[in-house]
Amino acid sequence: MPEITMRDAIYQAMDEEMARDERVFLMGEEVAEYHGAYKVSQDLWDKYGSRRVIDTPITEEGFAGVGVGAAIAGLRPIVEFMTFNFAIQALDQIINNAAKMLHMSGGQLNVPMVFRGPNGPAEYLSSQHSQALHAQYAHIPGLKVVMPATPYDAKGLLKTAIRDENPVIFMEAEMSYGLKGDVPREEYLIPFGQADIKREGSDVTIVTMGKLLFLAQQAAEALAKEGVSAEIVDLRSLRPLDEETIYNSVAKTNRCVIVDEAWPVASVGSHIGWLISRNAFDDLDAPVELVCSDDVPMPYNHRLELAVQPSVEKIARAAKKVLYLEA
Amino acid sequence: MPEITMRDAIYQAMDEEMARDERVFLMGEEVAEYHGAYKVSQDLWDKYGSRRVIDTPITEEGFAGVGVGAAIAGLRPIVEFMTFNFAIQALDQIINNAAKMLHMSGGQLNVPMVFRGPNGPAEYLSSQHSQALHAQYAHIPGLKVVMPATPYDAKGLLKTAIRDENPVIFMEAEMSYGLKGDVPREEYLIPFGQADIKREGSDVTIVTMGKLLFLAQQAAEALAKEGVSAEIVDLRSLRPLDEETIYNSVAKTNRCVIVDEAWPVASVGSHIGWLISRNAFDDLDAPVELVCSDDVPMPYNHRLELAVQPSVEKIARAAKKVLYLEA
Amino acid sequence: LGQYEPEFLHGLLKQMLLIRRFEEKAGQLYGLRKIGGFCHLYIGQEAVAVGAIATLDLAKDYVLTAYRDHGHALAVGMDPNSLMAELLGKATGCSRGKGGSMHMFDAEKHFLGGNGIVGAHIPVATGVGLSLRYREIDGVVLCFFGDGAIHQGSFHESLNMARIWDLPVIYICENNQYGMGTFYQRVSAVHDFSRMAGSYDIPGKQVNGMDVLSVYEEVGQAVERARAEHCPALLEIRTYRYRGHSMSDPAKYRTREELDSYKAQDPITILQAALAEADLLSEEQLKAMDAEVKAAVAESVEFAEQSDEPALESRFEDVLA
Amino acid sequence: LGQYEPEFLHGLLKQMLLIRRFEEKAGQLYGLRKIGGFCHLYIGQEAVAVGAIATLDLAKDYVLTAYRDHGHALAVGMDPNSLMAELLGKATGCSRGKGGSMHMFDAEKHFLGGNGIVGAHIPVATGVGLSLRYREIDGVVLCFFGDGAIHQGSFHESLNMARIWDLPVIYICENNQYGMGTFYQRVSAVHDFSRMAGSYDIPGKQVNGMDVLSVYEEVGQAVERARAEHCPALLEIRTYRYRGHSMSDPAKYRTREELDSYKAQDPITILQAALAEADLLSEEQLKAMDAEVKAAVAESVEFAEQSDEPALESRFEDVLA
């Protein structure tokens, strides 16, 4: 199985789906002639031309809405946000139009489109450019929200997203584009709503989403050295959410740590914390811990920004806490 | 103590603070000559003139940003959104500028301003106009978020909001503007971060925010008839959140129902559900229940929209569930 | 007048009459509390939707508008029954009782709403235009919005994109003089909105929206150009709404005289008079037309009232496709 | 040239030189990985910030710009030490190491940032203008933004408000030809941005941004009018950035020839040459100036490197006032 980068996996998914379906097109800032701000679209413009790979002006609200219009009139747009920090300007289009069009029209107009781009902090970018904003989307009925961690998942989930009949928020990560992983040559799709057990274990469940998987894996390694067996549940899609896999794991381990790089309040992480506390109440031997970012805007200084975010140490410490191995 | 409406309470708070502090002004759509879309600003324009009560074009992003600019240059704006549904268009200004200016400037520029208006469903307005969007703000560090239920709380909290040195999101409700309650003639302020026990009880804690207090009160009445004593904790401010009052109540009742009119996923309600489950783990005799809106866009049809929202029955049923009086 | 077929002119008149009577009835039902929430009536503006949409071929063309959408919905030929049922929140409504007054839709008739957020459908309409270009269909899009909406950022973003991508979208600002209670000149730097076309290097024009034939001609020209040359245009169509912004608005911000001056140029009366004068419409024909329209409206009420409420469980439908 | 005091002209030259050298050094430190993230250099555009800000009285006037902000920060007179320390993320940085390259601020010097979201500071600058009017101060606001930002909705919303409320804001589009990798004409319906002033009924003008005195004069006129008549204006100042968009951009989207053609009109070289020709700047004076500037930059690096990292606990500060 070839090892490819996350960037290539996302590229391949778009390329294959564009080749497969004439209606699929890509639009966003710098996606065409510049080959993508993070070089994700690569040569798609060279291959498919300006009709299907479209550079937009810097108008997030506008081009998100253009995508919605194209989607209700027969096309299947992929709208790239240079980062999801900028998509806040497009939220009205996403929440009030994309997520509600089917409903307001009594089922007449579905919106088959993907909004994708990096989410969450990169490095040295300060507070406007370093936000993990998935809670804003996970909150909204009418959307689907996907956050892959590995190249394999990214490709399979993005292909599913492009074929989905609904608006899908597909969240990548600047820091992960260069990350490598095995991706088969043959076509495959990964359905939404299926979490993936990335590591089996028996003592504690670690629920992760997106790139934090790798911190969780390192934490699990460290814990293993101390004799603690951690199971890692990688959510992959946040909406729909695969509650069953979570509960099954917690039924086995009786302890859970959730890892989310967003701020804590009204986050996906704390939501899942409540879900587990409610629906696996009798299985829990300790309260569910949440490892998330500090409840502050992201500072520019590198030591500070690292201190703000989840870390291997924080995850391992939380795991020990739910095991009552540490305070 | 005079009984006045919520509308008048909010009006009085603005009027008193405008009289007290030259720097306070009000801007928004129809706030001046039309006296407010919901007649909250009333005669403020007649009293203070066009300099201090400013009708804006329909440009939520623009005038929210104008407010931020005025706030960092010496004024104390109150920005009215006709409803918070439209404030989604202004979210970038609120999240990326208002909430982060102090931080990005290393403490140099604080943003003393209030964004206020109705939040949550009214009636017969369908999905774009009937959203309870407080989770979007409660998620964000750098903001304060307030949601009063009674005229008394609204007046005292709004005066505090106007004097606060930070951006405050002040969330009202269309359905409550006509609601009456006692408000003293003398000046008073209500600090943020202090929940209010609106009813004492011993068997179950009902945590509410905003107008759902009244449903909770009716549910408590109904429960009382069945011999169940419910305590009602009205949060009043969502950020900062008065966790202590919640935990103290739960320590007494050992059971908790949270009422939130937002959608469930990544909501303030489910967040508090996790907080209690974690921090009052040993106090809980049953999982925390959440009564919220169905996870769907709001339909226009009235029976349907009522069915979607929290109700007295749903709250009472949840209370009985945590008491194991009902499945 | 002479250049048009009488049937065509009768059609315009009848559509305007239908809208007028439908809206009057909706207003009554609102008063009877059979309709709730916001209900934005189109009375006074009929010539705009009717004249503009008459230029289209709805097999390939599209229409989008804001929340004041009953007129446009009728002008594209939607069944009054399904509209009235929607206003009453019934399962037989065009949007299954989910959308209500602000969200009329008919995918088959290429009427893509009905949008409640001021200015938010302007990019969407632009995207529909993109789809036409992409699919190499020589259709056009009419995007209607108000004088209040033109200041929204979405307007600026959209018109620039429409020009750089050569999209066949006609942006029609229905200047009915007021955005809610605000006279447009109070919130606009320019008083002639067609000037804004200059920022996008596209044609801009003011049109008299009280005269259905002026609307038909001017929109028709823009449509033909858009169809042939794939170029957008901006039209400011000047009109007036007789009623308040929505049912709860007493409209105290304007004078009786101002209202009367527009009623004196009522689009229906004007066309009726012109037709009569030119001997193109007899008293009997007019009466028959009026009776037919009234019957259609009465039937729509009957239909709506007798229709079922949507099942409670249907609230979980239409969330995801 | 003769109409200006030599000291004034020397001041302009020195400020441009300071920016040039500061930016070159920042680029070097980036290469050495002492600075990370985005770092948008102002090299080539110096005449714009320097010429424009020289017209101000910063006791009452204000400046706001986007993320390419080092030049403006130096032009308002901020201490290079505090800027360089900010770039290195140090506690002594103007924003305490919280903001970095994109978020230079100096409240006392009325420099209100430094904003990373394209177009988002345009309404903020408009609000600063509102505050001036409200407080009856005859100050003005310079709001700088790029050719990429002008298509944002916030531009449209802001200029309309500035006009209807008579706000003293000069909107300066620094057209450096590219928004990231996009040549401005590819994404703009108009190629002369000053035309957009027509939509807001305000004066609009194109200015040569490679000539600091042209900038000074044109901005000066707009500033005087804004101060006296409280009216906004739109200026398109045409300029060029020599480096890539940020440090990671190889700038392959443009030709060597194009770059050279702008370097041939380099604002610093031009002013230097003109001064020399007019006998207003001796070789020694120039050398002294250059030495002074280089020393200041070297000192800023020294200062920044020797400054402390912010304490880890400081991440909980500056969140709420």
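Lettered A, B, C and D in written order, each chain numbered from 1.
Please note the rule applied: a residue touches a chain if its C-beta (ideal position, glycine included) is under 8 Å from a C-beta of that chain, and two chains touch if they have at least 3 such contacts.
Every value quoted in this text rests on a predicted model; they were computed, and no experiment measured them.
Chains in contact with chain C and with chain D: which ones?
Chains that touch both chain C and chain D, as defined above, are A, B.
Looking at C-alpha means, what's the farthest chain from chain A?
Computed centres place C farthest from chain A.
Would you say A-C or B-C is joined by more C-beta pairs in contact?
More contacting C-beta pairs are found at A-C.
Hey, how far is the Cα centre of chain A from the one of chain D, in Å?
37
Nearest whole angstrom, what separates the Cα centre of chain A from the Cα centre of chain C?
That pair's centroid distance is 41 Å.
Counting in whole Å, what is the centre-to-centre distance of chain A and chain B, each centre being its mean C-alpha position?
Inter-chain centre distance comes to 30 Å.
What parts of chain C, by residue number, touch at least two of the other chains?
Chain C, residues with two or more chain partners: 95, 97-99, 103, 115-117, 120, 151-154, 157, 160, 164, 186-188, 319.
Touching at least two other chains at once: which residues of chain B meet that condition?
56-57, 59, 61-62, 85, 89, 92, 96, 103-104, 126-128, 141-142, 295-297, 299
Quick one: label the inter-chain contact graph as line, ring, star, complete or other.
Contact map by chain: complete.
Residues of chain A touching chain C in their complex?
Of all residues in chain A, those touching chain C are 25, 51-52, 54, 56-57, 59, 61-75, 77, 92-93, 96-97, 101-110, 112, 141-142, 144, 165-166.
Which residues, counting only chain B, touch chain C once they are in their complex?
29-30, 33-34, 37, 55-59, 61-62, 85-86, 89, 122-129, 294-297, 299-304, 307-308
Where on chain C does chain B make contact in their complex?
Answer in residue numbers: 35-38, 86, 89-90, 95, 97-100, 102-103, 115-120, 148-149, 151-153, 179-182, 186-188, 253, 309-310, 312, 314-316, 319.
Please give the residue numbers of chain B that touch chain A in the complex, ascending.
61, 85, 88-89, 91-92, 95-96, 99-100, 103-104, 126-128, 131, 135-136, 138-142, 239, 241, 262-268, 270-271, 273-275, 277-279, 281, 286-290, 295-297, 299
Which part of chain D faces chain B closely enough to touch in the complex?
Interface residues on the chain D side: 62, 93-99, 103, 105-107, 112-117, 120-132, 134-135, 153-154, 157-158, 160-161, 164-165, 317-321.
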